[in-house]
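Both complexes shown next keep chain A, but they swap its partner, so chain B is in the first and chain C is in the second.
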Partner chain A sequence: MFVLSFLARRLAQGAVIISLVSLLIFTLLRVVPGDPVRLMVGGMAPDSLVEKIAAEMGLRDPILVQFGRYAGHVVRGDLGHSFVRPANGAATGGANFDDTTRGERAAVADLIRDALPMTLQLAALALVFALAFSALVGIAAGLRPGGAADKIAFAVSSIFISLPNFWLAIVLALLFSVKLGWLPAIGYGGFSYTILPALVLAVELSPVLIRTLSGAVAAQMSESYVTVGRIRGLSETRIVVAHVLRNAAVPMLNLLGVQFSGLLGGVIIVEYILDYPGLGLLTINAVLQRDFPLIQGIAIVTSAIFVVINIVVDLAATIIDPRLEY
Partner chain B sequence: MDEAPILSVRDLGVALAPAFGGRRLLDGISFDIAPREIVGVVGATGAGKTVLAKAVVNGLDRTLSASGTVRFRGRDILGLDPRAMRPLRRDIAYVGANPMGALDPTLPVGRQIAEKMRAVTPGVTEDAARRRVIALLEAVRIPSAARRFHDYPSQFSGGMMQRALLVDAMISDPALLVADNVTQPLDVTVAAQVIRLMRELTAQFQTAILFVSSSLPVAREAAARTLVIDAGRLVEEQPTDALVARPVHAYTRELVAQIPTIWTGVPAQPRSREAGAARRPIISLEDVSQTYRVRERGTFAGTGALRAVRNVTFDIAKGDSFAVVGESGCGKSTLMRLLSRLERPSAGRILCEGQDIARLSGGELLRFRRKLQLVLQDPFDSLPPRTAIGAMLEAPLRIHGWRDAARIRDKVRAVMNDVGLSPTLYDALPLGLSAGQRQRINVARAMVLDPEILLMDETLSALDQTEQFRLLALFDKLQSAHGLTYIFISHDLAMVRKACNRVAVMYLGEVVELADNGRLFFDPGHPYTRALLSAMPTLEERRYRPEDCLLDGEPPSPIDLPAGCAFRSRCPRAFAPCAGQSPALVTRGAGDFASCHHVPAPGAGLAQAAAMGSTGRIRRTNCGLPKGMPPPSRGASQVKGRATRGEGRR
Partner chain C sequence: MDRRHFLQGLGAFAAWAQINPDVLVSPAFAQAGKPMVFLSAENITGNWDPTAHTTLSQKNIEGFVMGFLTRTPMRLDDPGQVVYELATEITLLDPHRLKITLRDGVTFHDGKPFKAEDVKATFEYGARSDRPAQWYPGPTETLTVTTPDDRTVIVDTSKGGYPAHLFIFLASFLPIMSAKDIAEGPGGVLTRRLNGTGPFRFAEQRGNTAVLKANDTYFKGKPAIPGIDFTFTADSTTRMLSLMNGQASIVERLEPEQVETVQGNPKIAISRIVSVENKYLWFRCSKPPFNDVRMRLAACHAIDRSVILDVLGSAGHASANFVSPVKFGYIDLPNYPAYDPAKTQDLLAQAGFPKGKGLPPLEYITSVGFYPKTKEYGEIITAMLNEQGFPVSLTVLEPAAWNERLYHRPGGGPGHMIDCGWSTGSPEPDLVLRTHFHSSSHRITGLEDAEVDASLDGERNAPTLEQRKTILQTQTMPLLAAKAPALSLFTSAMIHAMQAELRGLYIYPDGSIDASRGA
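Take a look at the complex of A and B:
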């Protein structure tokens, strides 16, 4: 019962958030400089043709009218068609205004459907790497604040947080692909292509996770239930494993919800550099090409993912700690 | 005591590790505990009682080092490492002063007790452990124990949690239980229940108890023999009754002398500053209620109404020292927030000299604020740590429009002198000041505006007895010098007995009794007041025996109040009418009122109330009936009392 009402409430809130995000993106895209029609038809096309196509596509209507029309389609699952990408996957953009292939532009939903699993796979692997490493270092550091593990954790975090991800991506590609030949780096041709970008992202993620985890564990270790637990006769292992880690997991979960958004941001750069065909690469190309429907589609899907992840995180936190209410 | 002692402490000393300064916390402590014996340990805050309790169970922090021996059944346990100590945890149990922090907040209470049982008694199955926990939870009178087994610590009240922790301690049939200040965070009626329960359990389980307490009266309730600790040294050891009757050591004599008395030896009763007819109300509450909306878990948008204060009506006369007493959750803090207009009531009116304070704004509100000032409970958190004391006291004057720096300085110096703060503190920071000094700053900060009313929210409860005495003397002096009216919000009946002339007793948001000091303590009209009096820790012979008056259980939730009298679920005298209708405040003559169906109140009371003259008013209220229903025909039980009464029983 609690779970159902929780889900109902949070999904309703989520729907509001998503529609606000799409309205915002929709409006911003239409007030920034740069005319997508000019990009589509090419620099040599006469102004009259630009206006004609723009009017045909409804781009000269008031923004709210355009948004209403767009939202109507989205609700039915239709995210529209890309302005510039052809359905057959050939070169994008149009140098010739009389390009015949323009009629069959790609559906945004299809483009996202192809790219999203790639990025989710990358994000999940990065999360696994980051969590495994942070748990190892962070818990050890939290159990003995000021001890050797704590100092190592501090040093590692400081180094990791100072490494720019674009630089690290290039260096790791150089090291693992070019010099050692262990891992493939550029493009995608199988699961092994995910490992290198995931490592880069994990390095970016871990400092914050280590910091939070060691802080949370140290804070829990000084709670009175730990001291009293020892006097009550619980073993140290039992106190740490069954109680301290359980309690320390709550701030960790909340952090993960937030970090995931950062992860999708980091994905843009890493995917672009390593030419990994995920959502990040799609986003960057869409932005460069002023591909409004695609940007909007990505924004809606991304915000939906955020909403869902935060609902899951909060639900998990509530199950661990029943005092929490969201 | 022919049996070999179960615990034998010899020359126990505890000091901070050299890295932390090496200060000695305990020195040369030696005592024995026989099997099945309850031994009390009393001493002031900081005397080393908790350190002693922790040392006895070999649970000292790593920053402390111990010397001497602690022999349990002849074996020295002081030096045992945690691993070697664990098998002994079955026989040596411990309950501390912080019940809410003793268990993991994210797991059900029952499961954690079962976990402990299985940790200290090998070979117990999970199922057997669960059955034993439920059986013991029932034994300590936790209602519907099988369901409570699955509840989380946050769903237990403090008193219930402390009982659950007693179960946790007793689950393995220990031979020795160390109880460190277990009643300290509890309300008096609940604390009395817990002590009674501990005595029963020791008899049942043949357990010896080391009962550590900061209160001698509480220790006397529990222990036949008591040790007194002062500044880390054992200064006296006697059977408790002899200790109270014939204290030998100077410190013990002082300790016994400082225990407040309720019924005997109170010199002059506090009285109102204004004589008879001159009394006029300075604050009037008219049917004041405060209801909060709280979100209900497990519903989509459901909210419950938490009725924190319900239909409270009374007057506070100018020059009175008025007390509002009651246990945690009775609504006294909400009442404080209403009186100080931090909140506005959801129904009813609060009048200050005829003005409805909920309607004040701007300059009028500022004038009201000047008239009524608040003195808070916590002397540490209520002062900004990085502001000079003089600046702290100047701030209210500046807010209220004073501009001349020299005049402000003179005024602040005068007030500091008034409350007994040295003028050299003017530019000092509050760091390092004692709780008593800090509380004087709080009083000065209120007094600097020349208020007419001081609202004291548990102002004295953070102070020890000696400081309390001094501040009460100061309050008395200020009251005569400035004609102040005091409103004390407190749970401490002994302090109220000493300092207040008029008392309102609250239970679950209602005022259940309103009386002058003498009448309340010698002839209470409400069973709840009697229960409070019977549970008070005191060294005197009690006027009200706990066996007759003490309450079972705990107050119901203010979110869904039972029909009828709110007190009936715990009342030893509940009878049929209590379930039907909530009793209204009935006059008991001479300006005293109680809301109980047992108070005989026919014609006489009405006639008396009617004869009270211009200040006494008869008012009909529909207290206890749903809104919109007509009040029942005028009867004595509908005469709702007001505090503005000329002559009391003085």
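Take a look at the complex of A and C:
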């Protein structure tokens, strides 16, 4: 019963969040410079033609009217069609206003369906790398606050958090791909192409995870149940693995939810630099081409993912620690 | 050289080219066994009809797939050189009639034999006024194309009143389509795939990659390269990394700093050629203050172009004309506006704005992320103009927003000056001059000047190429320099980097590549 009421409440909240995000993106797109109709019809088209096509597409109606119309399609599962991309998904440009022969436009849902799994794969692998590394460094640091491991963890976190991801992507590509030849770096031709961008993202994620984990472990180690466990003769390993880490997992879990959602935004630069065909690359090209339906579709999907992840994380946290209430 | 000698020269070259049709291909070229991966800086249009776009990257793909009547290498030492491909001879019968003799034994990728009907259909379709590319000197109604037999085409321009020799240079720029494809009309099969007679056939579009395969029936023999993956990769660093780790075979549009980085790398070869593209500062000539020629000249004399070239490094080439030095008719114009602050001040005073006093705020628009160093030299130009009293502010936009503001509109278009390059893969100078400076076009400047129109009509209508060259060099181009509807800042250098085994690959000044060497 709790689960059902929890889900109903959170999904309703999520729907409101997604609607607000969509409205915000929808409004922003229409006030920034760069008229999509001008880009669609070509620079040489007369203003009158631009206005005519814009009016036909409903782009000169009040924003709320446009949004209402768009939302009506979205609730029916129709995210619309790209303004510029053909059905084969290629990034395109150079359209001309009197070109009546342009091929069929790609459905936004299809473009997102192709790109999203790539980004989810990248984000998941980045999370695995980041968790493995952070656990190694963060737990050691948390077990002996102020010790050598803690100092190393602090130094590593400080360095990692100072590295811009676009710079790191280039440097790691130069090292692992150009110099050592261990990994492919550009584009996508199989799972191995995910490793290098995942490493870059893992470096970006690790500092927060390390600090959270070391802080949580250190806090748990000072709890009375740890002392009691020792008095009862439990081994240090059992205390740490079975009790300390379980209790330290709740703040980590919440953080992971936020970080995973944040990754969906963080991939943009890395995917662009390494030409990784995920949602980030799709987003950049859509923004550069003022491809309104695609940008809106991506915003809705990513905000929905954000909402779902947070619901799942909160639900998992209540299972780990039943005292928690959301 | 008179017309007779010119045509004799053309004929002699044609005969030589028939003996050695691979004249453009370096013998050093070999990379058998794996596809050549080309990373392009520009995306394509999503419509494969060659008459539907003017997009350079797609023209480059057409260069691999489509056949052309001739090819023009366009090198500095011989800008007018013509190499025959689908044509074996082009003869000017009289000022309005051109005879094209076609090569035998050529087939399209779909198996259709190449015949005169294909050239006729291509010309008549491409010249239609509803086709967006608009490369032709006049619409279809001004042309009469006849085919006495399968190997002969006669182009008659009498109805249009312009000379037939205009098709000599255009012949190297117009991809020949199949009459069968054209019969389906706009919206038919032409939009969905390329079908040509070139060394590579179009296989599929896979995401951002156009996949091309070697043409087994290519008339010069199957190319050694089994295929080409032509991929849009927007970021120049990404392209360079991909080349350095061996994923890419060849990349284009290197930044000058990248050239320095890879210059010592023995695995990588660099190609730098003077391109067909000039970069311009375009004035909005239909609105104040640049509707006054004195103001345009004043601004031109305020700009020291040698400083801009210093900033560009290897990406720029000095020129003093409105077309590239590899275009037909180029000369260094003696009256091309040079840096002369005293002249600027004199012209400002004559125009009623001594030291710039009384001028409204002026906007100079440029882009960042497509052409090299635009922001950097845009800032320099802005500083130079301000130094002379022009109250100029620079607006730097990403390409989509800049492109939206690029062209002329009634009333003059956005801003007062805008930066843009213009590149057309043919020696034909009118693809720049007439396009931009004839009042029938407007394009970016919006110039309407009867004297310029008359001069452009005069050079176009000259009965021979030699006479046309004389008119261009002694009348039209100097007149444009005196009217300054734009200032050509420099000619771009086309810089490619490639795996060392591709060294010697022939790259045309518009960026298209000859990868056709036989197996």
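Miscellaneous remarks
Everything that follows uses one rule, which is that the second predicted complex is superposed on the first by the 313 of 326 C-alpha atoms of A that agree within 3 Å, B and C clash if a C-alpha of one lies under 4 Å from a C-alpha of the other, contacts with A are read in each partner's own complex, and residues count from 1 in each chain.
Please note the rule applied: a residue touches a chain if its C-beta (ideal position, glycine included) is under 8 Å from a C-beta of that chain, and two chains touch if they have at least 3 such contacts.
Computed from a predicted model, the values in this text were never measured in an experiment.
Here chain B and chain C are compared by how many residues of chain A each touches, and C touches more.
Of the two partner chains, chain C is the only one that A:Ile273 touches; chain B does not reach it.
Once the two complexes are laid over each other on the shared chain, residue contacts for A:Ala8 go to chain B alone; chain C is not touched.
Using the contact criterion defined above for the overlaid structures, shared-chain residue A:Tyr225 touches chain B, although it does not reach chain C. In the superposition on chain A, A:Pro86 makes contact with chain C only, while chain B stays out of contact range. When the two structures are aligned on the shared chain, A:Ile170 is found in touch with chain C, with no touch to chain B.
In the superposition on chain A, no chain A position is in contact with chain B in one complex as well as with chain C in the other. On chain A, the positions that touch chain C within their shared complex are 33-35, 38-39, 42-44, 46-47, 84-86, 88-96, 98-103, 170, 173-174, 177-178, 181, 184-187, 272-275, 277, 284-285, 288-290. Across the complex, chain A is touched by residues 54, 57, 59, 61, 82, 86, 89-90, 93-94, 96, 98, 101-107, 115-116, 119-120, 152, 154, 168, 172, 295, 297-301 of chain B. Interface of chain C with chain A (complex): residues 42-47, 49, 52-55, 58, 130, 132, 186-187, 190-192, 205-208, 231-235, 237-238, 241-242, 244-248, 397-401, 403-407, 409-410, 443.
Chain A makes touch with chain B in their complex at residues 1-2, 5, 8-9, 223-225, 227-236, 238, 242-243, 246-247, 250, 320-323, 325.
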